[in-house]
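One chain, subunit A, links the two complexes that follow: it is found with subunit B in the first and with subunit C in the second.
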Partner chain A sequence: MNWKIRRFGQAVFTVWAVMTLAFFLTRMMPGNPVDAFVARVGPQLDNPQEAYEMAEIYMNINPQDPIHIAYVDYMTTMLQGDMGMSMSQNSSVAAIMGEAIPWTLFVMSWAIFIGFAVGISLGALMAYWEGSKFDVALTGYATIITSIPFYVLALMLLITFAYRLNWFPTAGRRPEGVEAGFNIPFMVGIIHHAILPIFSMFVASGVASLTMRGNSIRVLGEDYLRVARLRGLADRTIAVQYIARNAILPMYTGLMIAIGSMFGGAVVLEEIFTYRGMGYYMIQAVRARDYPLMMGAFTVITIAVVISLLIADLTYGKIDPRAGNEDHDAF
Partner chain B sequence: MTISESAATDRPSDDVIVELRDTSVEFGMERGQSRVLNEVTTEVYRDEILGVIGESGSGKSMFASAMLDAVPEPGVTTGEVIYHPEEGEPISVTDLSKDELRQFRWEEVSMVFQGAMSSFNPVLPIKTHFVETLSAHDYDIGRGLARAQELLSDLYLDPERMLNSYPHELSGGMKQRVLIALSLVLEPDLLVMDEPTAALDLLMQRSIVSLLEEIKEKHDLTIVFITHDLPLVADLADRLAVLYAFEFAEIGPSNRILEEPAHPYTRALLNATPNLSAPLEEMRPIAGESPDPVNIPEGCSYHPRCPLADEECETIDPGPYDAGPDHDVHCHHWEQSIEDLDIAFEETSDTGKTPSAVDKASGDPLVSLSDVEVTFGSANEGWLDFGESQTVTAVDGVSLDIYDNDVVVLVGESGCGKTTLAKTAVGLQTPTAGTIEYRGRDIWEGASGSTLADKEIRRALQIVHQDPGSALNSHHRVRTILEQPLKRWHPDLDGNDRRERILGMLEYVGISPPEDYIDRYPHQLSGGEQQRIALIRSMLVNPDLILADEAVSALDVSLRVGMMDLMIELQDVFDTSFLFISHDLSNARYIAEKTGGRIGVMYLGELVEVGSAKRIIEDPQHPYTKALRWATPELDAEQIGDSEESPMRSIDIPDPTDPPSGCRYHTRCPEAREVCATQTPGFVDLGDETHAQKSACFRAYDDHEYWQSASITDEHADSGVDTGGDTDSGVTSESD
Partner chain C sequence: MTRSEDDSTTTNDGDEASGSPGSVDELIPNTGGSNDDGSTAAVRSDGGTVDTDSPFETTSTVTETRGDRVDRFLEEYLRTPWSILRDDWRALAGFAILSFYVLVGTVGVYLVEPTYPAHGPKLLGAFADWQFPLGTTSSGRDVLAMAVHSTPSILVMMTSGALFTIIVGTAFGVVSGYKGGLVDTALSTITDVFINIPGLPLVIVLATLLEDWINNPVTLGVLLAVAAWAGLARAIRSQVLTIRNESFVESARAMDLSTRWILSKEVLPHLMPYVVVNMVNAARSIIFAAVALYFLGVLPFSDANWGVMLNNAYNSGALYRPAAYHWLLVPMIAISGIAVGLILLAQSLDRVFNPRIRARHQDLGGDDEPIDADADADDSTKEMMNV
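Our next item is the complex of A and B:
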């Protein structure tokens, strides 16, 4: 129990540290964005004082307050879920995030799921036929696909399947002219739009398959496997309970890290496919020097990473009994 | 093999449970076909315990696997393996289909490996292993689990606790016993055990071996027990088979093999095995090394090492000769062997009078440890660290003096702190408390971190590791390895002088021709040669004290005595002291008795008894020393059979993070009384004025409140070995 509390404390501390850093960066950065905002907006207004109030609405930071009071105010409003107003999208940051996150989650979780599932299956087969032509060919494939950056693959897919063959849409995230909701044309439309982005992230399967191959080969040499065969267990039991389980275990943490960093990984991908998710808005924010939106996205990404790692740590003990003992740190 | 009809088939054939006919196992290797079992023909009788002895690389594991046709890929088994069930037709194991084989294994013949540590799937609880096995063979799971529980309690384990545990929660000894239970859950008739105890401590080995006898009687088992450790099976086995170079050298009843071995190799092996009772002069190493499986010598494979070898041996493979009832020997000269070899061995080399421990334990100590304490693990780290501190006191208040030309051997179970203490003594481990003095100077004076400040002291205290393979840099030639200490400590020598000195040393330790060896890499040397190089390397520094950490346990039995002799000789020549670490009382006795050194017995971080080899072996005072003495099996045929009851109340060692109060041994001690749980005994000098023996036990006092104190052993007294599981909890409640 102590260990869990400690681990949770560390997670809270990390989130706090990142938010504090975000505040001070915004406040103290050369070309201070708050002052820049005031300087830009101020002259257009009748009352220059209003610029400061607007700064507080947009960024939760009133540049007139002493820094410690500004800090407390900022943290309080952030904790209430108020991340300020976007300067370019004319909406609150929280609303934009709330609207964009499900789309990113949809695309990225499928991408990670398919990548890992394919990688693990291929890796297991490669280990099973270790040294065969199949193994050599797939190892070559995995090495190549791993070394291709996903955005290059994304561009290639986009050119081939969207522009040349016209199989898939070139941009957007939902079909036009179809009512949103649980109806078949809409669902099919979403999937149709998501397929290319999902398959661009297929590169993840390369790493996963090579890791799985290595892990499986290690497990295949273990004594307990030999004993299990002698005990006459069914091949299926051996493959699932003995080889797969022990080979996949070490990849669990990698999977959780991938989930945690998926919002960050979506940035370039969504830009390429004009897929209006978290990453798309983040790029828009950077272009428009929309600091509140940027900081909001930054905070959301951090919290996602921290939460995934926390879940990974807390659940690892459930799937690997060796790490389950709270007296021993899992890391 | 020329004679296919074994001379020993004078038993009725229905008594045979497994029969091997010309069975070979081969592996294709780059260097050629590697034959790791060479046309073996033998029989295993029903309800017997057959002990199979062989050194590493003699093919003994392949023999075990061949009986289940379970030779790992890409090995190929040829010849016949025939299993005779109690009822029904004989089964040819090598002809079984995959599914039939799956049924056959574990239901008829099951197997226990050496690697019990890794024989369980780490992510499944023990119970699942039993359930899986039962359902894979369509056995009734309820009844099977009931049988598993019975087996576990027969092995002095707490069945409920074991079944609900995960493998990593059990100690090595517990896992090994659970594995035995698992192998018996389908009621097989034959149990093949391949080095089942090799990874365990002496006490645990002995406890398991003594349990095997009971298990065998109760479940009508036939056991094939394969080991490199002859004394371990000597009193357990009905028959002994000696494997040499992938075939049997000799097979016969245990007492015949021990008393009147007919094969020269068996004789040499018996003489090369350190034990507690045989006179030291009779122990001698076997010259030469075991053959390579790719190049097995023509004729008798032992002829290159055999003193009786002649032309016949070099050309004709000796078939089994009948050397008495049930006794087969593969040697052309077995009769001569019986007559001549003993005579050859009897000419005793006069070793001269060895100086006694008492003489040495005088004058100023070379290295003096006082109240040394070493603690591992971290206390609370503070700042967001809410964890509890976890510390293990590996060495707890030990004082020991080592003199010039002295030899001290530390023995004890693994985890007793013997290695930590020894490393502290040579300045490789920083003590948490207490001092270590080298000739009156504190060695840690002015030291920063873990490096000694005084280079002279660093030179004086050296170490030889257990595994020579990893102690030598594999990228350096022997010459480079040995030049390093010379360059560092004898900068005045030029290249030629260094070379001369290295050649001289190599020659001296019996590595010849030295010119040939000086340019080799470590992997081109055998284990024994590597250990010699490691030994020379530390000797060239001219140290005053060498720590030899299990320096012989990685070597084959037949080479151990030779290595120990070499160390003793070098000690004389170089005028050094030795601090040996051994988990084996026989090796400890050999070294200590031959040099007149002392043996120190450690238990859970404390030194419990120190004394000369003679006193420790012949008259141990501390109950723990007596237990170690009991756990060291005898080779003497007369003593075989009267296997005494275990002198311990529990098999498993208490948790070192929470050691028992008072005398730490009181939880396992058969003599423990209430006072032992509360008071810690100090050292009592039993040698009177001679300091030849000191024991930390209240029983050493004639007049102590111990003798009035009530015994705490009653509740467990009736069983020789106690339930491993629940004693642990018993311990904590007693010590609270």
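Our next item is the complex of A and C:
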């Protein structure tokens, strides 16, 4: 219980640190966005006071306030969910993010889920048929795929399946001219648009199968497995209850690392597939030097990762009873 | 090399370098002297024959000459690794690939002259004209020259990023793992924060806001490494936690050696294998991240490099223009090629440091036992997800 509280505190601390970093970068750095904004907008307005007010609307920071008051103001408005106004999208950052989050989560969760499900099954089969042609071929494939960056794979998939074969749309996240809602064409359209992004993440995650293979082979050599066979347990029972369970355990760690890096990778993938999620808006913001939207996207992505890692960490004890409430190096 | 041998190495070094304060020599007579008083029996009840000498006072009867030390050094750092690597096709292939890139980055730059817009015809295909072996871009620039001339900056970026990752990661991990207490709490908190922040978005934000500082490959590499060191620090910390309770570290502490000495001479050598393998993996993820950010157009750039080439090709519609495929493929192959080299190197380095394989090669015996090729493959590929 004590450990859980500490872990929760650590998550809160991380979020605080990121918000403070965001404040520091927008206000304190030399040539920071706030000063730059005032210097750029100020001369165009009749009343210079207006520039400061606009800066506060956009970035939640009034340049005239002393630093500590500006900081407290900034943190309280951020905690209320107000992340300022976007300069390029003509909407509040919170609204843009709120609209984008479900799309990113949709693609990411499916990519992680499919990647791990397929990786675990393939890894188990590779371990079972260790040394066979199947094993050698897949191990080679996984090693090669590791050396190709996922965005290069995504580009290749996009060329092949979208531009050459026309199987999938080349851009976008939802079908055109279909009413949004729980109707069949819309749902199918969404899935149709999401398949390529999901697939390019999944192809790149051959590593899951390699890890599973290594784990399974390690478990296959354990003594308790020999005992289980001697006891005359059914092959099925041994495979599911003994091998799979123990081999999957360490995979949970990999899953948690994957969450963090996939949110990062989503930034690149969403840009390639023009998929309007959090990452897409972040890159658009960077291109347009739209600092409020950029910092907002960064903060939201970080909070999403922190929460997923927290959930993963806290549930680890449920999967591995040995971990219990102790401090474990889960990832 | 085995652990016991390593211990004797450090002790011998201490004997020879008797000048340094707090070295082993000064302490041994004291310990021996106090023990000496009670034990006068020639034969002990357990059958041991300890005369007046306490075991603490025994010194080696053979003095190690300078030649021996040089020989041992060569054996440890050159002959054994070489013997292992020679037998491993992955090491040879990895070294060959990386040397090729280094050659391209050093000599190739002088052989291939830099290109400029309207250097040749527009969008010439690959292998169509020997003046432009890999074709040209839509502005008539030579693709080969662009690829070659971006190699040096990529290599510099990779090296600086990888070095920063392992130096900061090791420093944080070793100090927090060894010191414990408040220092550990503080350093671990920082590490945890960095582990929780998604790397690529952090780098994008920093790159955008710190544009003025990151105008050269070295600082850029460091920036990319900001997101990469924390995982290593965490892993090293947990290794140090076990090492610090090993007997040889405990005895060093009992001898009142300085913390710096213990960390650098006792703890760090045991982490070196892990650190070196991680350095190679860090180099790979730095390149992946760098090219990704150039591709996104997030990083400021002055001249073409692989990522900028990808970006330009993408923006001029290479995805749906088969005539421009070569423009897209050349940087893709360049990145994947160096990554293959780094992966093979990491896998073979894993083997260099593997004590079992070392032992087999150490005595230069003609042991031709086939080596289990893929037992270590999964460890180094685990890092793949950390882009």
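What we mean here is this: the second predicted complex is superposed on the first by the 320 of 331 C-alpha atoms of A that agree within 3 Å, B and C clash if a C-alpha of one lies under 4 Å from a C-alpha of the other, contacts with A are read in each partner's own complex, and residues count from 1 in each chain.
Rule of thumb we're sticking to: a contact is a pair of C-beta atoms (placed from the backbone, for glycine too) under 8 Å apart; a residue touches a chain by one contact, two chains touch by 3 or more.
This is a predicted model, so every value here is computed, not measured.
Of the two partners subunit B and subunit C, more subunit A residues are in touch with C. In the superposed pair of complexes, A:13 makes contact with subunit B and with subunit C alike. Of the two partner chains, subunit C is the only one touched by A:309; subunit B is not.
By the document's definition of touching, neither partner reaches A:132: not subunit B, not subunit C. When the shared chain is aligned, subunit B comes close enough to touch A:3, but subunit C does not. By the document's definition of touching, neither partner reaches A:274: not subunit B, not subunit C.
Of the two partner chains, subunit B is the only one touched by A:226; subunit C is not. Applying the stated contact rule after C-alpha superposition, one finds that A:183 touches neither subunit B nor subunit C.
In the superposition on chain A, A:237 makes contact with subunit B only, while subunit C stays out of contact range. Legend: residue contacts after superposition of the two complexes on their common chain; A:76 is shown touching neither subunit B nor subunit C.
According to the touch criterion, the shared surface of subunit A, contacted by subunit B in one complex and subunit C in the other, consists of residues 10, 13, 329.
By the touch criterion given at the top, residues 189, 192-193, 195-202, 204-206, 208-210, 212, 231, 234, 238, 284, 288, 291-292, 295-298, 310, 314, 319-320, 325, 328, 332, 335-336, 339-340, 342-343, 374, 377-379, 381-382, 384-387 of subunit C touch subunit A in their complex. Here subunit B touches subunit A in the complex through residues 68, 70, 72, 102-103, 105-107, 110-111, 113, 115, 118-125, 132-133, 136-137, 166, 168, 179, 182, 384-388, 390, going by the rule given at the top. Only residues 2-3, 5-6, 9-10, 13, 222-224, 226-234, 237, 241-242, 245-246, 249, 319-322, 324, 327, 329 of subunit A touch subunit B when the two sit together in their complex.
Subunit A meets subunit C in the complex at residues 10-11, 13-14, 17-18, 25, 29, 31-33, 139, 142-144, 146-152, 155-156, 158-159, 163, 170, 205, 207, 210-211, 213-214, 254, 257-258, 260-265, 267-268, 271, 279, 282-283, 286-287, 289, 291, 294-295, 297-298, 301-302, 305-306, 309, 329, 331.
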